[in-house]
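Structures for review follow.
Next come two complexes built around subunit A: one with subunit B, the other with subunit C.
Let's turn to the complex of A and B:
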């Protein structure tokens, strides 16, 4: 065990030298430094959006920024020229607008040129088609990708492990859902083109697949075959990714993939790494068929001497480790063997998901050694670049959960001190796991410091964490100083419950929380505080448990306050508790009562007899 | 007729005076100070102390070159008031304390021997200060300190915590990018937030 610690704690860039500092992109100021992962993301995004706002202003008013002050000139600080220079209706003007990515303007210019009767070369038309298919007939503004919808369909697929019955084609779940309108500009231009070559067909197919019109893409492909053209490798990749939307049954999907691959071989198109990634991505949604076919696909890849990228491994892991009970395949260690040896470069947009899913698999398998190996793989070469700040946070968060489950407490504590809050911000689940680890290792005296961390992270109002903390503290009896520390912590939590700031809702007391706080106050000998807690039970319509009342009596006995004891019995009687009898007898036996107090105690007894209670009350 | 020349009063044992300006001559009627008729020389010197008040234009006179009033006794000084005006250390000290009790707000090498372009630096500085004043409305606790290190411009800001931190991050990112593109050099803003501006005294 220790060797893993020393190796992983070696001073490398992934472990910052200062464990209390935040990421270097944030300003070093207590107000501007993020405290948890949500604020970290918020601050980094707001800084980025500030930069984008500045770039927008520079783009809108370039005449303020185009004076050349630096010798030599720095082109990246000069405004870009994004208005077309060539006026008039000509092919050069069209090409310029295509270069500037002005979709609407180029389409208008194209129509004008056609009306004027000038013939436009095939290349220019093809580049216009490229532009239109890339942007899908909208403008070149930023669009958000919805990856969650894809995952949703995958989880549906895995829920039912057989071949699914025919479902209505789920257009809406495709990332660029239904943005390919009927007879939009691209189709229109394609139809009126006098001559088309392979490039035109390929562009159209790729555009249709990208924007959700998979059936049309398939039709376009058959047209391409009819015209006896050859498709290129990117088109085939696009078609393979579109397969899940063309067929629903697993076996049919696999047959279609095989057909495309055969066509590729016939047309002598060399596959590349993205081809295989596309195949594996589709196999992810083929359930059992996918699992049996994945390994032959990898072997084929090796035979063709194509180096797999991280996305390949990511798809592999998802195919084999999707559902929770399939832990039998040892794919993960083979994958780690490969990943450890190499430093990867980004080749596929899905590469970045690998490390997160690998760490998730390690967590599911509850294997800490694999996790350490994965950490080493991250540190190798350029692999750390695949984890940006967001992903870094979730990666280390999962790793920490695994640590808490599997490792000794001193190792956990060491990692906790080193890593948070600089490398990652603990999530609420991490705090819960950490508390359980402390519980398992009998280190509950650390709970007040964990509470301080919770306050700093902003989790002080989360009810589940508060319940956990309070129940752990109040479960057992502890030595004196620890009990005092716990009582101070409980007081803190009490103020949290009671403060009602301007725009904060105060946290409601629950019965167990209130009971725990009372017990903690009682054990520390703070009778007054404990009594004020007891009074709140009625406010929230809850009944204190027997344990609570016993502890309170113990406390009253220690601090020698029989008045409080009598008040407790009165409270118990008014609530009609069955234990009020026992309490009364305890008070009589253990406390030295004055005459008045004895009389008060007797009068309570009579109250409880007359009230409706299902206790067998014997009159003494 | 020559002007009466008054004998200077005896100054036995006093410090030597600078050499005396010869009394204004009548020839040429030239200097505005000197144009002969009317008034004793005492009145002339009184007029010369306020050069923006021109002596009424007389024929055959050339005028003085004057500058607009520079009010050197009022520059960068906060006037004493009732005692309710909170004033920072920076504002409380008039400019003759620079290099004694104050530092400089703008540090560059333009004023060293053989260096050029000090004036451009001054213009850039004043623009940057106005820009920051507008971009962070009401949030500047004190004047910004501008430091130039080789090619880059470091802006050291002291901000109040008036805006939520995400908005401050937005404005800081915006200001950095915009100033970099404007001045074609890397601009870094180092901000520090304080709950209140530090008051040195009340004037």
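Let's turn to the complex of A and C:
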């Protein structure tokens, strides 16, 4: 489909139109529709993981795929050829292996070439160094498994090449196995290089910083200066991000940053936006110094006419709103002023974090106006693209919590209806907040529908939520209809508790939950159900509260079932409750009892008396 | 049994079904049997991959089907190709993979033997008889091949029996092939006839002339074949295009950085109006304060100088990817998905173009209408007739490029030019 046609649709589709519909990427199948954030994540990754699996198979068993011709040939549908085509020991072959990113094979070939006495051009050696430094290269005596790990990492890189939007970029944080090792291949090759240019040094420095060898990187930088080379801007950026690992004291860190910046100016290296982002990122870890130096850095950017990226603002917010005293909203509103004015293209891997941290600041400040402004900014242009699945979820979950806290209930309900399954999957905390908002606004009649959503989201077994729902429902007396709905809801919750686990253990009854369910049944006039709940108290060795028993008695009275009332008294007596006397007198007064029933009531009395006397005697 | 039409010889047929009779073409000559057989076996592949081949074929059929406007014959040719498929597939399936590895180098021996037979017997015969013999040779080829497979199955050493078998087959099937030709007499091999007609108009060494003409046709057949097989070429293409694709993120990165710098130029001048309210409620503001005064703004020249960087390193590539991943979103609807697929190059481009992937820079009419290249030939007579048949065949051959087709015609032009004196003697 030509882009000009589809682009013409795009404003209409800029946000999903049907708020009840799941995202397009999910299969249109009831069993494959995600119900909550966990399944959504799983399903959204499924396509990509299938692709990776296919790639893996092709990579592992290339001999099964030797007949890959088609007419007409569509190269993008063909698997990438990852086996080197050039045989033999030559620089050409080495270059091919480097291009295919075969770390170990490249190193082996390099060694072979060296042993054969072939001189290898500086350019090729540099690109080999690039490869080794990027992947953090292991020892040449690598075990098979670590090689596999490397392969895994490689495939991960390939996957990111295939553009997995879900995967958060983790390059900045040092990835697992690949730490910089002493005298690894990169260092070895670097040492035996007959001549080195600035690029060789720079790539070594970047590799060392990336793989956590900051001190070595700094030494390498000194060597570079001694050799009278100039570093490039990326190298300086890497060095600046390494500053927190080089110095411990905040002021020393800042001095070091300033030194690097001065060196840049001396070596006539123009800083770019990533340079300043790196500076600010380091200032995040400089406490008060960071707070005082952040503004001059921003001013410097302005003076150089470098437009800040979203990451710049993210670092700013983090610098100014980290500490507990969140007195002012000055910085964030200024940041929002700037953000609203521009549209952003990604320039820094940290760009994606901005909207989430900004929303967090709004939450911390409890400033709904700012949150609305921020949300407008998100919807503007292509900014929404900065929020991938996971980030979108946490963004909306924060926003929703804030809404529940600060907004009128109708507004909250409107947002809830619009965003609930299509934009994000509420977290348990969101649901709690929502329930509290409903309670605060006296809209408890909504609870059954919230309960339905909870079941959908898979929260029906979360005890905190169940307790909250039940206690809210059973707290007050409501009109009959609502009570009936509540009773239905209570029945649901009862089945949740009673599902004896084929797959999972059922939720244990707690006293309060049992009591609430009983009350709800009683208020709806479902005496039999209520009584079955009463019996359960005994089974799990819990004691019903007076409120529960009163409600049950009321219910028995309304439905004119004196038998149940007598049973209750019996129960209370057998549990040895002090309220049994009161209940008994109530039963005697309020119910019309037959002779047999009266007798039964009397006998309970004696039972309880005897038990009382027993206990008395025990006490004696 | 295999039967070929004159056109097919030029078309570079692959798996023709003997049961399909072509209503228009005449059938006969099997000159190319030797080459074809070699090709057939070298192209053998696991049965599972045949399906793919089929698709390929179908695509071709579509390609040439499109040209049906230029003549009904073409349409029929296309249709015949279609019909031919199922049978030939079963044929291939029949020669199962157990034979597969064995067939690699098999046909060379019988090929030798048959050609020997051909040359020996063909010495003193008339062109027509020679033609018949050739057909016979072709049959020999086929039968030997079959027998050969049987022999394989019986695990008899091939070298010893090779020649014997070939000769034996040749003699035994000679009558058959003769019969066959008899049966298919109404469909005469016009091209060969035309060739022999041209040759017969030569005063001396008619056979030589004819065989030269036919040899050229055969050579052409071989190139056709090579190019159709053209896997190696395609793989090269795949590789080259892959490397291009690899570089694209970097290019994107470069583009992004260009865009960034553009935005800087646009927006950097703008003076940001300070908001009084923001000043009032906080002690700190982004607006107040001094700059670091470390850097000086670079002049445009130095900026440009910095931009001329060498080829992107792995760092640049990965950084570009990382940046692109920041705003990467899965498609939100079918349209976006199609946009994405088109960008990835896995969706057929619109408007529909069934010549996609065939980029030799020539339009289809250059492939089809080759009459304009016959200007230098006589307006009538046997040579004209012969050449018309040649271009007719060429126009239906999808495997040769336009340049090769013209070269082919050129060869005939030069050839007849050389023989002009002989021709004029008549």
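Convention: the second predicted complex is superposed on the first by the 530 of 620 C-alpha atoms of A that agree within 3 Å, B and C clash if a C-alpha of one lies under 4 Å from a C-alpha of the other, contacts with A are read in each partner's own complex, and residues count from 1 in each chain.
We adopt the following convention: contacts are C-beta pairs under 8 Å (C-beta built on N, C-alpha and C of every residue); 3 or more make two chains touch, one makes a residue touch a chain.
This is a predicted model, so every value here is computed, not measured.
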item: Subunit B or subunit C, by number of subunit A residues touched; value: C
item: Partner chain in contact with A:74 - subunit B first, subunit C second, else both or neither; value: both
item: Subunit B versus subunit C as contact partner of A:330, first or second or both or neither; value: second
item: Which of subunit B and subunit C A:191 touches, first, second, both or neither; value: neither
item: First (subunit B), second (subunit C), both or neither touched by A:342; value: second
item: Which of subunit B and subunit C A:63 touches, first, second, both or neither; value: neither
item: Which of subunit B and subunit C A:228 touches, first, second, both or neither; value: neither
item: Which of subunit B and subunit C A:46 touches, first, second, both or neither; value: first
item: Touching partner for A:589 - first (subunit B), second (subunit C), both, neither; value: neither
item: Overlapping contact positions on subunit A, where the subunit C interface meets the subunit B interface; value: 44, 68-70, 73-74, 77-78
item: Footprint of subunit A on subunit B - complex, ascending; value: 161, 165-178, 180-185, 190-193
item: Residues of subunit A touching subunit B in the complex; value: 26-27, 29-32, 39, 42-44, 46-51, 53-55, 57-58, 64-65, 68-70, 73-74, 77-79
item: Complex contacts: residues of subunit C adjacent to subunit A; value: 45-46, 49, 52, 55-56, 59-60, 231, 234-235, 237-239, 241-243, 245-246, 249, 256, 259-260, 263-265, 267-269, 272, 275, 277-279, 281-298, 302-303, 306, 313-315, 318, 321-339, 342, 344-347, 350, 356-358
item: Subunit A residues touching subunit C - in the complex, by the definition given at the top; value: 1-3, 5-7, 9-10, 13, 16, 23-25, 44, 67-78, 80-81, 85, 99, 101, 127, 130-131, 134, 157, 160-161, 163-165, 167, 169, 171, 203, 206, 234, 258, 261-262, 264-265, 268, 270-271, 273, 291, 295-300, 302-307, 316, 320, 327-331, 333-335, 337-338, 342, 345-349, 351-352, 382, 384-386, 388
